[in-house]
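Common to both upcoming complexes is subunit A, partnered first by subunit B, then by subunit C.
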Partner chain A sequence: MLTNFKNSRPQQFSFLFIVFLLLYFLVPEDENSFLWRLPPLLKDIPLLINTLLDNLMFKWLTVPVYDPDWQMYEDKPVFRIITRSIADFLLFLIIFIREIFLGGLQTIGSITGGAFKELKWLYLPAVPWTAVVIGLFILGYRLQGLGLAFIASIGFFYVSIFGQWEPTMETLSLVLVTAPICFILGLSLGILGYLSKKVEKTLQPILNIAQTMPHFSYLVPILVLFGIGDHAGAVATIIFATPPMIRLTILGLKKISPEVVESGLMSGCNRFQLLFRVLIPTARRDILIGVNQVIMQCLAMTTIAAFIGAKGLGFNLKVALNGLKIGKAAEIGICVVIIAVVLDKLSLAWANKQKDYFANLNFYKKNLATIYFILLTAILGVIAYFSAFYFEKGFNYLYLIPFGEGLTIAPILDAGVDWIWETFFYYLNIFNKFLITNVLFVMKDAYLGMPVVSTFVLVMGAGYIIGGLRSCIIVGALILFIALSEYWNRALITAYMATFAVGVSAILGIVTGSLCARNEISAKFILGVCDFFQTFPSFIYLIPVILLFGITDTSVMIAAIAYASVPATRYTVEGLRSVPSSLHDAASMSGVSNFQRWKSIELPLAFPHIMLGINQTLIFALMMIVLGALIGTEDLGQIIMGCLSRPNGAGIGLTLGIFVSFICLAADNLIRTWADERKKLLGIE
Partner chain B sequence: MLKFIIKISVIASLFVFSSVAKAADPIRIPVLNWSSQIVMANVMAQVFEEMGHTAELVPAESASRYEAVRIGDLHVAHETWESTMALPFYAAMDKGGLIDAGSHNLITFEEMGVPNWVIDEGLCPGLPNWEALKSPECAANFATADSDGKGRWLEGPYEWHTEVMPNRLKGLGIDDLWTVKFAGSADALWAELKAAKAEGRGTVIFNWSPNFTDAAGFTFIDFPPYFEGCRLENGGTLETTGCGSPKGWLKKAAHIKFPITHPDAYKFYTKMSFTAPQIGLMADLVDSQGMDHAAAATEFIAQHRDLIDLWKN
Partner chain C sequence: MSQSSDNSSNTPVIKCESVYKIFGSNAFKLLENSNGQVDAKTFQEAGCIVGVNNASFGVQKGEMMVVMGLSGSGKSTLLRCISRLTDATAGKIFIDGEDLLSMNSRQLIELRRNKMGMVFQSFALLPHKTVIENIAFPLQVKGTNTRESMAKALEMVELVGLKGRENYFPRELSGGQQQRVGIARSLAVEPDIWFLDEPFSALDPLIRKEMQDEFLRLQAVLNKTIMFVTHDFDEALRLADRIAIMKDGIIEQLDTPDNIVLNPATEYVKKFTEDVPREKVLKIESIMDAYDSNNSSSTKVSKDAIIETLAESILNSKEILTVVDNNNEIVGSLNPAKVIKVIFGK
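And then the complex of A and B:
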């Protein structure tokens, strides 16, 4: 009996659940009882963070700096001078690239120190959009061929004729600065992590937190440290987009078999050559996935970066949504996706291009593409110069199509939204009422009525059953940190929304994924759809869901599910597709039906991978739930969002962000341990 | 290796150079996400450029920008609403670095209210007098899926006035009929207006004037008059806390060094003072006439050339 219990997970879980229920109903609701709620012992953490930031930025380690405006010496903290120099450097690069595309006088102004301010003609003219499109065509052709040439140039042609050129170039200039920085930073930190176990150990928790923390929680600290503007947006983007690059670099380098290293050493490589000529090229595949991730993440941040001063598509999107212009917002969202696709394909093609060491070309042949590009740019520049006289109203359509002066499909999209509203509102409203009264409110009350002791028993018990004492303690410690704050009730509400959203997304994702994984074409198609929705700014969902479901928790849930189903679907498709076809054949020969094959063979084999997808689903759902504070929620997200408008919001925002991150990490620990164990049992890896 | 060193040194020198070469420091003006504010920012930018300065528009958030003005990352904050932004405005002033550059020539009003069609359809007879809210039939017309049968007031984000509206319901003794829900953003308020109209359901939302909603017709509810200290958090009692909102100012904030670094621009900024119809026109040029923000600003300046020139000199 006892041994049976020891080996049977379901029995252990049911026992745990019974204990949980007993505690749930036996512990009375009493604010003074430690069994019901723990005292907020850690409530001073936000204050500490604020004081630290304040001292760093304004008090500690000051040096006198001469201020020409005041004509006196001012004490400036060294730390602030450092952060602000970084900010100025980033800003200089962003503006320089931006002025190449859009023209302007700031770059020349800062190079000459503003000495020629009076000379109105002294500015950087923009490269005409026609030349940029042609340039992309040539670049695409050089890197891969006609296919890429058309994708790249048509993408940007679309952006231009739809009148989104200016904001797109503003966003592009930000991405063109941040993506390489993320790449270099990620690659070098990844290499360091590979070389030294210590570095990897320290990096791991930092990466975990950076990847799971809601973006909004670190916006205020960035604002304090780096100031408002494009550079702040760049810093936020770097924090968010670098971790996957580091992880994938470490992963790729670790996978290299020792034979490769040995052969490198035998050929007489020194350490430097071994790294850059042998190891990194071998780990290329994973590093390339890293580059792809960096680009996706950079563009996913465009809207959020707009909260702290980044110009471009993200800002225009916010303005459009404020005016409830959903069609316009969707159009802007499509531009974000287009840049993502073009940059991704170009960078992949560039990285995959093999260097031809034996081609013996003269200067002319080597630089043919560049020469063509310069020639065409000059011609198009001249055309643009003269066409200025042709177009009336002051808009020169061959130089730069101004914002809002292009074609638009917004009215069609708006009509679509209206149609959905008119057709389905009645049914949706009934559904909404049902969901709120019978599911969401019941669930919320159940979560809020949970004594703290029973929560701990449930979570730590699950940790113990799945991963033994180690998991039990890790998970318990993570949750304890939240329980000792003033925000436990809000964390419970966040947890309730996350549970619901993850549950529904997982079911949706696994079902869609399983159906689409049946054949090659539908699998490819659904992965494309996943790519689209991962880069399409999630902000856009917020307004239509309010129109359909009002300012209620349902709206937040629908938005979260729409966004969080993406990873669930993606990982299911990938997991199922990776089941070897010989197994399919073997199963078919044993006479199983399609459904049996899916249930008893494919699903168990793909299970560990799907579990990792659920892990991602949780992260996505929590990000969207925090964003749901813009609709109106009462959870941790509401306070995180509110911190943007509080003068001392930095500390609270960071602390609550870490709480959300801890919820993710606790779930991550359980899921990963479980998945690893399954993998071992199945003999994968 | 040599190439590598050259690359590093080029980046390093660029770094040093870019952080030193800041002489062409533009006047940095925050832009938020509503039309009139963006157009006014563009008007200022264009005037400053006429005066020979460079101006840069920086996307910002309505409340966090005061800290940015205080430490000099932004030079101005030109639309500061009393009831929603006074808190961060004065908090930044307390810390030092932000100065008050005067008010616009108008009185702002921010209050709970209903779109005009709610009154026209007779969803709550007796409005805009608040006593009409006492009737249970009225409250029932404003119920939503999550309001538990009560009528719902949709208040702005919690940070705007914290407990004022829930306290007001208690003070008026109608908290058994009505409940307050906090929207997450101004966007959510406008979406609610549109959704309620399409659905034909009554809605009470927090709104302000001048605002673009004025065009479609919006009526503020008449609550018992406001007086200093009537609210619970200002030392009032449960009897007085039902008072309405005060009429407010619309201020302009500036960084403390702005008058020294750009004296003529600062002079213009202090003289600049728009009226409610002018701000309405700014919003209208974009929202109704579909102009781009910069073009709307050019148009606005053209229409008000005399005024602008007066402020410039």
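And then the complex of A and C:
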């Protein structure tokens, strides 16, 4: 009996659950009892962070700096000088790129110096939008072919004629500045991590936290350190988009076959030659996939960076959402999606493009694309110059279509929304109310009525069963950190929302994935759909749900479910498709039915991989739930969001962000340990 | 046999003295405590894996030494110790009399740039470089200018018979062609010592045979000092001047192919030799008798010829033949009956 218990996971979990339930019902609700809630011993952490930031920015390590305006020396803290110089540098680059696409004179003026304001000839005209579209066509053609050329150029053509050129270029300028910085940072750190085990070990937890922390939580500290504006948005973007580059660099370098490294060594490479002439070129594809990730993350973050003053599509989207102008928001949303798809396809094509032999081409043939681009830009520039006389009274549409002066489908969209509301309001409302009163509120009360001791028994018990004492302690410590704060109840609400969203997403994802994995065509199709939905920033998901469900918890839930179903589906399809064909043949020869095949062969083998998908699902769901505070929830996200407008929000924002990250890491630890063990048992990898 | 005694006065190009390679965190300590008596099992219990166990031998200039063993026998590890891609745990290795293990990284790089070349099982070509760029790579790393390195690389392309494909990328070549590139790259710096780590194992049997012929042709021209690793006993017999048979990190037997076939030293070696057709390995020398001037005919055969190649003509002649050495001096006589015994007898 006892040995049986030792080996049977289901029995162990049942026992754990019974203990949990007993504690749940036996511990009385009593604010003074430690069994019910732990005392907020760590409530000073936000204060400490604030004090630290305050000291760094205003007190510690001051040096005298000459102020030309006041003509005197002033004491400034070194740290502040550093952050402000970084901010100035970023701002310079951003403005420079904006001037290329939108026109202006600031950067040229600041380089030439002096009284630039009077010099009219110094004005830098923008590249006409037509030239940008042609440029994208040529780039797309060079990287892949006509298909990509048309996708890229038509996408940007659409953006332009719908009058979104200016905000798009503002957003793009942020991406163009931050992506290369992320690339260089990520590549260097990745190389260091590859070269030294110690660096890798230190990087790992930092990367984990950075990738699971909700975006909003570090916006406020950045605001404090760098001030408000585009540069702050750039800093936030760099922090957010560098980790995947580091990871993919390390991964790509580690994947290189040891014989290639040895061949480099036997060719007599020194360390430098080995790195730059053997390792990095060999890992080219993985590194460029990293660049693709960087670009997508940058785009996602620049839209969110609108909350700390970054201009661009995100900012306009925020304004439209605040004013509940759904049609307008949807229009901007479409532009964001288009840009995301174009950037994704272009960078992927670059990663997948293999180098061709070109040394036998002459200069003209080698640089054909560039020559064409320069020629066409010149021609289009001339056309734009003369068209200024044609569009005498209004705007020069062949040069730059100003914001709000293009076509618009907002009224149609608004009418559509109105129609949906009028037609379906009744049914949507019934569904909405039912979900809120009968499911969500019940669940929420159940979570809030959970004594802290039972939570710990459940979580640490699961840790012990899955990963032994080590997992038990890690998970317990992560959760304890939250339990000792003032925000335990809020965390419980976040947890309830996450549980609900993950549960529904997992079921949706596994069912869809299993159905689509049946044959190759549908599998490819659904993976394409997942790619598409993963391309665009999480922010965008909020638009259609507000449109349908208004400002309620249901909206947040549905956005979270939609967003989080993507990884669940993808990992299910991948897991099921990776079952070796020899096993399929063996199963067929044993005479299994389709359902039997799925149940007793595919699912058990694919399950570890599917669980990793569920892990991703949780991270995605939490991200969206925190973002849902935009619509109005009452969990951790709401406070994080609130910090943006609070004078001392930095500490709380950061602390709560870390809490959310800890929830992810605790789940991550359990799922990964379990999946690794299963994989070892099944002999996969 | 005679060859090694001839050269014993010279210093060998590669010399190993009690080389050990043991993987594991506490390898050094365990090895110290064991006093050189390494037992794979006890080490494994202590968490260490024995790669090479007390290897001592020398390779003479122009000699082709084949290290043969099954997977996990430590043959590749031994090769990597001698090329210092991994550091030996204990023992001494001399390259041209210089102590390899005491070299610093700069000296090691110099050594590899000038004296060593290596061919890998999985070809290990750089995917982003063309055939000619791959071959020129060791030269460019060394600092040779582009014109010179390209000229040299082109020479190598011709040597390995890839002319016309110098601007292809590795992905556009077949396995056999890729390995030709690998061979050309390893020869580009004109090394004295040539390491080959299972160079033909990833190829189809027919291509493998072709590449072995090509390899023998090259060696006849270049006359390098070679360490060749393989798991294929037939390949070893075909190519080697001497064969080292390894098992669990220990060199079970190190001898010429015919001696290994005639006198396997251990049961393990015997298992390999049992099915080997001996006429394909043995030389006339190994079955000749002392010269008997009365009976011998004037037909002469070389003592170094493999029996199989001459079997038909020997049997047809039906008389006792005269055996001569390289200088055409008579060293013995050969009774055809002995040839029949080798081919059909047990």
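The rule is simple: the second predicted complex is superposed on the first by the 637 of 685 C-alpha atoms of A that agree within 3 Å, B and C clash if a C-alpha of one lies under 4 Å from a C-alpha of the other, contacts with A are read in each partner's own complex, and residues count from 1 in each chain.
Everything below uses one rule, namely that contacts are C-beta pairs under 8 Å (C-beta built on N, C-alpha and C of every residue); 3 or more make two chains touch, one makes a residue touch a chain.
In this text, all values refer to a predicted model and were calculated from it rather than measured experimentally.
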Room on subunit A for both subunit B and subunit C (clash or fit): fit
Partner chain(s) touched by A:278 [first = subunit B, second = subunit C, both, neither]: second
Touched partner set for A:269, first subunit B, second subunit C, both or neither: second
Which superposed partner A:260 touches (first subunit B, second subunit C, both, neither): second
Touched partner set for A:546, first subunit B, second subunit C, both or neither: first
Of subunit B and subunit C, the chain that contacts the larger number of subunit A residues: B
Which superposed partner A:518 touches (first subunit B, second subunit C, both, neither): neither
Following superposition on chain A: angle at subunit A, subunit B versus subunit C, Cα, nearest 10°: 160
Touched partner set for A:680, first subunit B, second subunit C, both or neither: neither
Touching partner for A:309 - first (subunit B), second (subunit C), both, neither: first
First (subunit B), second (subunit C), both or neither touched by A:353: neither
Subunit C versus subunit B - closest C-alpha approach in the superposed model, Å: 13
Subunit C to subunit A touching residues, read off their complex: 80, 83, 85, 105, 109-110, 112-114, 116-118, 120-130, 137-138, 141-142, 167-169, 171, 182, 185-186, 189, 195
Complex interface listing, subunit B residues touching subunit A: 14-15, 18-19, 21-24, 26, 28, 30-31, 33-35, 38, 52, 54, 56-68, 71, 73-74, 88, 91-92, 95, 144-146, 154, 157-159, 181-188, 190-192, 194-195, 198-199, 212, 257, 260-261, 287, 290-292
Interface residues, subunit A side, partner subunit C - complex: 257, 259-260, 262-263, 265-270, 273, 277-278, 281-282, 284, 354-355, 357, 359-360
Residues of subunit A touching subunit B in the complex: 69-70, 84-85, 88-89, 91-93, 105-106, 109-111, 113-115, 117-118, 220, 223-224, 227-229, 306-311, 314-315, 318-319, 321-324, 402-405, 421, 425, 429, 432-433, 436-437, 441, 542-543, 546-548, 550-554, 628-634, 638, 641-642, 644-647, 649
